[in-house]
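One chain, chain A, links the two complexes that follow: it is found with chain B in the first and with chain C in the second.
Moving on, here comes the complex of A and B:
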């Protein structure tokens, strides 16, 4: 027995090695840009992916607004821009999760005429890219006099996120047996309290996953910001980044004052919250992948 | 502890009459079993007593109080579900304490009651675990504890044993019966398993297609079935129903496929007065048939088709005229398929049913 195992060992090891090498090779195209992003953010300049020297000066944008001599645009304070982005992302998240939780519960538990049709239609809505709705959205936003107001982006993003949110939450509520809900009613809760005390805690993984998706969705919005929020003081990080990159590479003005590592640093700054979110919420996202509530 | 009275209780789901005009009076501390095949409306009835379903028609009374329109939380019922329905995100302790926390009882009182009931159900050492860490039997005890801890007026059990393995089920049957008698709680027990119903309940309500077929003790249900449904639902194997015809000539008789059964004058007149047509079923339980290998007078001729040895008994399936019947004989009986046998029915246990209506004549 031991002899056989001994014989098997080397080939097993070799087998593993091959798998690891294949995985590393496959991951490289993903890993390299991220590594480059981290390195570049602290480099004086880059030759390919090799930094010529290390510096913190790329991060000066955190302390004072970027000045571009002769540029038409004045760059707003990065903290204001970050706050704007955070506000849009957070509000989108809260609204989406709130509405999806209630709506998903109703779609899962309440029988009403047209439920199937409603679900099908929300799916269809999801099939459109947001940009296809841009002109129509613009009219609606204008009608409500929300042009230039961050709520224009928040409400639009929430509406576009809701189909997915409703479906995800409906799916999670579907996995909870009626008997659990009945048990809570018999134990002495009203229907509303059952929802808050029993049902919501049980779909927590769903709420968490949806929060992450909605947050990233709001955080990374660009088109709607460009269209609905024209003034610099309501810029978001995506806008900020776009302006920087555009000015540096498309040559609208002289690139004096904007270096490539600087753009990279802003890019890294933009990604930090999302990376943090992922690290904290990884386990919830994994649970969504397996689809459902554990331990029922 | 209350009396529970269901008056003309009905529940329709669209056009489906899940429960149709059900009337039951349950006395203080009584153990009632609702027995029937799946989809017969027994769980729906239970959920109406709990207050989860609103009856389409009829009223429900706890003692003299009409609770028909009260929500579950105002009825003080305890319920155990088939899936146990424990809250997966709470520890066993919090599961059991949950109904008391809702009632906003003081903490030390909750603690005392939870520990008391946990000890009664022998789950004291599990309080710190999550439901998913428990076996089926343990989960079931937790569910029982949660139902009992609030000292309910009525205990409702919905197929509580159906997810347990056979051995545990036999044990829990006795355990639940003991608890029920000890605590004296009025109990409604839903099951499709006749052994559970017969062995545990004071009275059994047999249901089919939303309607009550018979209410009675195990004894009555078993020996005096009200109709062919009850006769063929209760017993393993159930009562034999042989298609026969009622004949009137010189004396009364019931003519069956392979034999004719003579009736006394009194019985004959009784049958005549009750049936709607001459078509009847002769009903006899498998254990009330005697079997010989020699032809005898007043014995029905049959041939053996199959024998099933079950250890304690031997079940013989035989062909009598057009019908197959089952006979229970001692396991040592030397009987083989293909054999000719002669059957004698024990007259004390003979039943006659109207074939059209299914109702029992006697």
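Moving on, here comes the complex of A and C:
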């Protein structure tokens, strides 16, 4: 799998240096802003990416709710907001992974009437941009009395993730040899027991990869939260950070009590799970980030 | 499928039988989701487009009024041109252009190092949109906070840029760059994996024939990469047409009057934002254009990219 990359590597050292320099230059627009985010969160103030001094006081928002004196604006407790975000992310992950595993197994292993149609449908949905249905989705959510309820986001997000999830899980089940499943069946396990005891453990890498992706997308969700969850008690970090950024970065620059480095710290707080995944789960990220395309 | 022969034995076949109840348990939850969140909304979009529904959710059918209004609206032309400009500029420069460049460059270095750059470019895609927006505020703010202005003023000494706020000064550039840096990773990974699957003998043979690196890329790799590039173009056209969250965050369609308003954002403004008056009927008519286009294109892609090949029957025939 990796041999080809060595074969393509230029033999001259000078050429290799040019490639490295080109890649670093092309990537600077990514590297510098993320460096800014990390440095800014611990800086007293910033000039470009250079801090004027270092401090931990930007993280005070973790201890006491942010208040804007005079304006009467008080931000909800960060822990409540973080919990709301975590709840949406976790529920989306569990639903997406289980539904995808069931459906993916059926698509990969079971012959049933309408299987071809079902498979074609999931593939068309893979390309179809579900977000185009947002207006009608609003009607559906309202019909089920879910407006303002976190489950509106969880269920919608799960639905948007499903075509990809089914596809990823089907791919993983396809790679497992039939003999293993057969052996279990011969030993007298029922098909459903075989699924839970033999097959699911074998596709653990797929479950892990899909979980990580679903968690990140649930955790980061923006549009659905903005449209379905307007009330402050169900705010997620998305709403919290957006309000802060609007107040001090974009518009009223000198809102008392809110500093730029503090907002950057909130941004870094919101990034923590993603940073952890980038450090500890790289191979999964590379595998499913753009949709579980084989060989990536 | 030689393996399938084994289970022609009757006892084994019974062993493998899966009860229809089990099949229903496996598939039903997924089907329920697909019906509620895809089928119903598609149907509703069609129906709502012919009503004047507002926040009261009343079904009052008015025929083609919404579509007449759409055609008569002089701003629709501007929004249409904005959308085409946004989709094709971002697509060509970043989703395909930058993506292809990154895919080729990362395949020319050892895989371990290549993966570092690949992961780096995945970061924007997996960053919460609001944090990504915060990064762009940091990039574009006036001196001394903004990164661009810090570079221009303190490093290049160009004092005249001191007070420029780039989101207002160059909204299109910011919108396209911000979306492009997210979009580049898709092309990078898809095209990158296609490069990995080029037969090694082809590369060796070309090298033996004395092909330079440039010729190797131009004459061997690019022709093989034609299909993946087409795939990326097709897929990303649809996602660029319908996604609007970064534009909503960065410019909200402004600055000024509809400067960066694109079709999908216009749907949001008309039907789903507090300032738009909750015009669900008109919003549905606007999104019907996207839904029909989305359905047509996804079925077309399904045919072009021979997805059908991937639908093979399960290894064991069990009924």
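The working rule: the second predicted complex is superposed on the first by the 236 of 296 C-alpha atoms of A that agree within 3 Å, B and C clash if a C-alpha of one lies under 4 Å from a C-alpha of the other, contacts with A are read in each partner's own complex, and residues count from 1 in each chain.
Keep this in mind: contacts are C-beta pairs under 8 Å (C-beta built on N, C-alpha and C of every residue); 3 or more make two chains touch, one makes a residue touch a chain.
Remember, it's a predicted structure, so these values are computed and weren't measured experimentally.
Enquirer: With the two structures laid over each other on chain A, which partner does A:124 touch: chain B (first), chain C (second), both, or neither?
Expert: It touches chain C, and chain B stays clear.
Enquirer: For A:103, decide between first (touching chain B), second (touching chain C), both and neither.
Expert: So A:103 only meets chain C here.
Enquirer: Could you tell me if A:39 is touching chain B, chain C, both of them or neither one (first, second, both, neither)?
Expert: Neither: A:39 stays clear of chain B and chain C.
Enquirer: So, A:180: does it touch chain B (first), chain C (second), both, or neither?
Expert: The answer is first: A:180 touches chain B but not chain C.
Enquirer: Which of the two partners, first being chain B and second being chain C, lies in contact with A:241: first, second, both, or neither?
Expert: Once the two structures are laid over each other on A, A:241 reaches chain C alone.
Enquirer: Is A:90 touching anything from chain B or chain C once the two structures are fitted on A? First, second, both or neither.
Expert: neither
Enquirer: With both structures placed on chain A, which of the two partners, chain B or chain C, ends up touching more residues of chain A?
Expert: Greater contact footprint in residues on chain A: C.
Enquirer: Using the superposition on chain A described above, determine whether A:23 touches chain B (first), chain C (second), both, or neither.
Expert: In the superposition, A:23 contacts chain C only.
Enquirer: May I ask you to decide whether A:200 touches chain B, chain C, both, or neither, giving the answer as first, second, both or neither?
Expert: Neither partner.
Enquirer: Is there a shared patch on chain A that both chain B and chain C touch, and which residues make it up?
Expert: 179, 182, 185-186, 293-296
Enquirer: Which of the residues in chain C come into contact with chain A in the complex?
Expert: 3, 7, 12, 15-20, 22-23, 25-27, 29-31, 33-34, 36-38, 40-45, 48, 57, 98, 101-102, 105-111, 113-115, 117-131, 133-139, 141, 144-145, 147, 150-151, 154, 177, 181, 185-186, 189-190, 192-193, 195-198, 200, 203-204, 207, 213, 216, 235, 238-239, 241-245, 248-249, 264, 267-268, 271-272, 280, 283-284, 287, 290-291, 294-295, 297-299, 301-302, 307-308, 310-311, 313-319
Enquirer: What residues on chain A touch chain C, complex-wise?
Expert: Listed in rising order, the residues of chain A that touch chain C are 1-10, 15-16, 19-20, 22-23, 26-27, 29-34, 36-37, 40, 46-49, 99-100, 102-103, 105-106, 108-112, 115-116, 118-121, 123-140, 142, 155-156, 158-160, 162, 166, 178-179, 182, 185-186, 191-192, 216, 219-220, 222-223, 227, 237-238, 241-242, 245, 249-250, 260, 263-264, 267, 270-271, 274, 277-278, 282, 285-286, 289-290, 293-296.
Enquirer: What residues on chain B touch chain A, complex-wise?
Expert: 47, 50-52, 71-73, 77-79, 81-83, 85-89, 98-99, 102-103, 130-132, 146-147, 150, 156
Enquirer: Quick one: which bits of chain A touch chain B in the complex? Just the residue numbers, please.
Expert: Listed in rising order, the residues are 177, 179-180, 182-190, 198, 201-202, 204, 293-296.
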